[in-house]
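Order of writing sets the chain letters: A, B, C and D. Residues in each chain are counted from 1.
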Amino acid sequence: MKTTFDTQTIEINPTGENFTAYIDGKNVNIQILRAANGRMDLLIDGQRVTAHVSSDMAKRWVTLNGQTMMLTKTSGAKQGVRHEHAGGLIAPMPGQIRSVSVSVGEAVKKGQTLLTMEAMKMEIRIQALKDGVVKSVSVTQGQTVEREQILVEVE
Amino acid sequence: MFNKILIANRGEIAIRIMRACRELGIRTVAVYSDADRNAQHVQFADEAMFIGDAAPKESYLNADVLIQAARNSQSDAVHPGYGFLSENASFAAAVESANLTFIGPSADSIRAMGDKVESKILMKKSGVPTVPGYEGLEGYDDFKKAAKKIGYPVLIKAAAGGGGRGMRVVNTESELKEAIELAEREALNAFGDERLLIEKYLAEAHHIEIQVFGDKHGNFVHLFERECSVQRRHQKIIEESPSPLLTPELREQMGQAAVNAARAVGYYNAGTVEFIFDPNLSSFFFLEMNTRLQVEHPVTELVTGLDLVHWQIRIAAGEKFPFTQSELHQHGHAIECRVYAEDPSTGFLPSTGRLLQFIPPHGPGIRVDSGFATGDEVTHFYDPLLAKLIVHAGSREDAIKRMKNALNDFIVHGVVTNIDYMRAVLETDDFKQGKVSTRWAETKFGEWNVPQPDLHALIAAALADVVFVGGRAQSAVSNETDPFNPWKQTGNYRN
Amino acid sequence: MFNKILIANRGEIAIRIMRACRELGIRTVAVYSDADRNAQHVQFADEAMFIGDAAPKESYLNADVLIQAARNSQSDAVHPGYGFLSENASFAAAVESANLTFIGPSADSIRAMGDKVESKILMKKSGVPTVPGYEGLEGYDDFKKAAKKIGYPVLIKAAAGGGGRGMRVVNTESELKEAIELAEREALNAFGDERLLIEKYLAEAHHIEIQVFGDKHGNFVHLFERECSVQRRHQKIIEESPSPLLTPELREQMGQAAVNAARAVGYYNAGTVEFIFDPNLSSFFFLEMNTRLQVEHPVTELVTGLDLVHWQIRIAAGEKFPFTQSELHQHGHAIECRVYAEDPSTGFLPSTGRLLQFIPPHGPGIRVDSGFATGDEVTHFYDPLLAKLIVHAGSREDAIKRMKNALNDFIVHGVVTNIDYMRAVLETDDFKQGKVSTRWAETKFGEWNVPQPDLHALIAAALADVVFVGGRAQSAVSNETDPFNPWKQTGNYRN
Amino acid sequence: MKTTFDTQTIEINPTGENFTAYIDGKNVNIQILRAANGRMDLLIDGQRVTAHVSSDMAKRWVTLNGQTMMLTKTSGAKQGVRHEHAGGLIAPMPGQIRSVSVSVGEAVKKGQTLLTMEAMKMEIRIQALKDGVVKSVSVTQGQTVEREQILVEVE
């Protein structure tokens, strides 16, 4: 089975009772000692490795030696998931719009606060990344927004 | 003693208070907002009352509804926990007016200490050293003049508040105006009071606080210090006791100052007097008094062997605090790490989502206070504290090692946490040597880079898709069978 | 300090030792039999070595294989834990001969104390009070005469052993012969030595033991007592420290006697001197010395604040024990309950099976040392100890309350446990008043009746079949989908 | 759905979003507040009840208020599962046969040790429940036996 995480492609193949992983032109031997409840005890080329793994849609959470990493499964063509839109400012986290300071057509300067939102008791300022003109404002005061929702576009 | 206590809070602290109630044989009533219908604290309580919508103002900050819930459930006391209404004098007064006991200090004590302006003036009068600064200013020009006199950097903070909200460090005059506006708005929003005060910002300051206890019979003791200097965005993340900086003499002086502060406002129940400590001057300045249980109270519990919540309840019920100052001692060393759902690589922005795995560590000397379990949702409505991880060991060195191992064993999938970040902090020479001041995380520790997935991580992620088909590693519908047979999925790959 | 330690044991104690190693920065090597391939202690270690078949003789009691495993893994020390080869002098000697450090006392000390006959004679010589009785008897007639002289009831026990194996109380002469035969066989099987000794059986006896520590530089201290009188079938189930019976004077005398006993055999590392205490006479008698870590060591760790396993390792590495007797103190009160897979309603017969749910309690002052997790199999090959539940609180009264709540929160499904039984013991007036002697469970507490399912239990069981179709509540194959969506099963029944 | 545990029969019926349980001629209202991971939070006739439930074949493990009970699902006709066989002595737990002291046709007395087994480091004596004659011996020394396996029959 071939899978791509972000830009890395890896192929897992069963070999009798064990597996091999093909990655970067090399084969790695894997033996599963135990796999249950989101945890795997493995021998990778003879080295004991314990990994906790969880999945949520395309995301994979992996903990190894106490370090947690997040990987994103992609089709392999895309360079990961894009988090910015051209000139569009997106919500960094879910929350509520507290104030909108600009309207469509208004000229704004780099660093100017365009709107503020509140999340987890914090006030967050959304500021212009460049000088420009407001192309669209997609939210109103009091509105609840989701993470990565586009709030305002500047061009 | 009380028969039934309503806990006007949520999350880990609600559960922690309920544990104490159970041990004292007292029934517990949880309250919950719409977002908390299935929260752990609701499941943990003997009874639970719905109090309103998810937004705090509609539920956990709604004094009338909370008092009505206490009356409807026939509770005889209310424990406010920390945050929310815990330092709201009107709430404390309203609880007492409803013939319920408020488990905390009197409304007057809260009021006296809650106002950062008034309390600072009172402390000056009582001979408790305070940070150079000004109170009662009005209008931008006054602030500008005061800041100039004090000298930048200055600190602007809410007169009514605590916990870093409504607080801004201002480095130059050009930042002053917007900082005041933002702080006023946050203060108004968080505390319903937009007044601010301005102080000298001490760059190399350590945050050292003293736990105090008063009973209703006029007895006061302190339970020594907590060093809380590891902070990000003025929020504590790692606390410990004893402080690696204090000499026995300084500890004694600060303890006495804290008791004097408490006595000045006729304090009873648990409280914390926060000081700024300047290691170069070996001087301490009164910062504020938190008139409630602190988030970091467990480190004091571990080194003193006292259960602070038990004593909050007992004192509220009129019991005398049974120990004199000379009977209290610090044993070993305790450290707390606050595990937050936040991303250190994006300026500690909160992270929300469903907890796919939530496995706290355990073992000798390890305590975990948490309000979450696997499968729970971390929402954006409330504080992103997932768990408090606290360790106790014979020495500071052993406690640091124990904490590093405990952080290593703490598995959280589904939201980004600060676990790796905190372990990296513990591994610095500055932390090991006790040199971390309150601005250290921003100025010295620097940027945090997320560890990049290595070969083993890629293999594990890819293998999980093969091995756990239909199991944990796949949220799509498939043919999971008996979740108690760990081998069913791996078929003949079993070793 | 060591680089790598092989732990010649399994279950909770192997994990507990590995935690200490991790904290000291030492790599760990687990060993496992065929039945333990997937055991928690194997998963917890840095490395793991297979040592043989499930039967203990073929694996955990096989000294040659264990030493070979230590050499093959390039370990530089071996920790034997408790049970198995921990008190086997030949094993300790063989470990040292293989240029590995044995983390425990010298083979000579083990040998001197391991022989119940020789050690009793040595203690008599050293002025440590011993129980009236006879050693070195041969043949039934000698035993019959000795028993008559001492007066029934008498206690027969293995000269080589401990932990209740090879031990029999004999109430009348008619029972004597079969008791000797059985005890000899058990002793031979467990210790490879069938010699027995006979003693007066003290009916109202309390079991009080003293933890001692010696280093390799001739220093000795004791870490106070543990009261271990709650026993069934001569096996401890509940232990605590301090003992509710001891005065400071008696504690001091027993501590001194224990140190004398240790000194008499040139002891180093952790050891425990067990005494029988007669509350009517306020007298204590030497019972035996256990030359290893005890199961119940955590209660001592909690009241003294010392990590006993850390100190075992440090002392084995040649460090000096850094505290003098006057620097050691008891803080608060600690209780341990041993959660066994056994059925109190059938004479404590072990219960085996797969753990369908295994949810240990947590919270302030609660510690759980366990070698099991949900999904694990409890087999008949080894000791049925599922977990040690240990609490620490300010007072004995608070500790009892804390323990009752912790037992309440401990969920074990799949095997029958003694959890309900232990909670019932804690609720008796005798326990609360510290009046429980070693025979109390059999003679006073009486028969244990399993709680009968009530209406709510029936409803819950029936409802589970409806709600959890395909989930946890059904072992048959069905259409479980996403185990992380708790609502998928309940469909529109969700509230 | 009708279920019988040991001798008690209970019927669970959905009623809109909730359930009723019919037992002993009475109806009880049940509301499920939460059900996940083997744990249920219920309102039974308005009373809050938290139950942990696990299943293993016909066995149901239920914990309520810290007390764990085991129920056995039956067809309803049988009076629970029988743990004794007429004159047959069964293994109280899994283990190994250490010695067999009697043979077929031998007369035995009540309380006489017929065989010993070893399990979890303990020696267990299997004794005659009554005077009689050994009808069968089903095990030999060294044999491993399962819980409830018949060891010897006396009649």
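Note that a residue touches a chain if its C-beta (ideal position, glycine included) is under 8 Å from a C-beta of that chain, and two chains touch if they have at least 3 such contacts.
Given the structure is predicted, the values throughout are model-derived calculations rather than measurements.
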item: Comparison of A-B and B-D by number of C-beta pairs in contact, larger one; value: A-B
item: Farthest chain relative to subunit B (centres taken as mean CA coordinates); value: D
item: Inter-centroid spacing, subunit B versus subunit A (mean Cα positions, whole Å); value: 29
item: Inter-centroid spacing, subunit C versus subunit A (mean Cα positions, whole Å); value: 49
item: Subunit B and subunit C, separation of their C-alpha mean positions in angstrom; value: 38
item: Multi-chain contact residues (two or more partners), subunit B; value: 37-38, 354, 356, 374-375, 471-472, 474-475, 486, 495
item: Overlap residues in subunit A, where contacts from two or more other chains coincide; value: 33-34, 36-37
item: Complex interface listing, subunit A residues touching subunit C; value: 33-34, 36-37, 41, 48, 50
item: Residues of subunit D that touch subunit C when the two form their complex; value: 1, 3, 5-6, 8, 10-12, 14, 17-19, 21, 23, 28, 30-38, 40, 42, 44, 49, 51-57, 60-71, 92-95, 113, 118-125, 147
item: Subunit C residues within the subunit B interface of the complex; value: 15-16, 19-20, 22-25, 37-38, 298, 301, 305-307, 310, 331-332, 354, 356, 360, 362-369, 374-375, 392-394, 398, 401-402, 405, 470-472, 474-484, 486, 495
item: Residue ranges of subunit C in contact with subunit D within the complex; value: 56, 165, 178, 182, 185-186, 189-190, 346, 349-354, 356-357, 359, 379-384, 407-409, 411-414, 416-417, 419-420, 423, 450-468, 471-475, 486-487, 489-490, 492-495
item: Subunit C residues touching subunit A - in the complex, by the definition given at the top; value: 37-38, 43, 46-48, 374-375
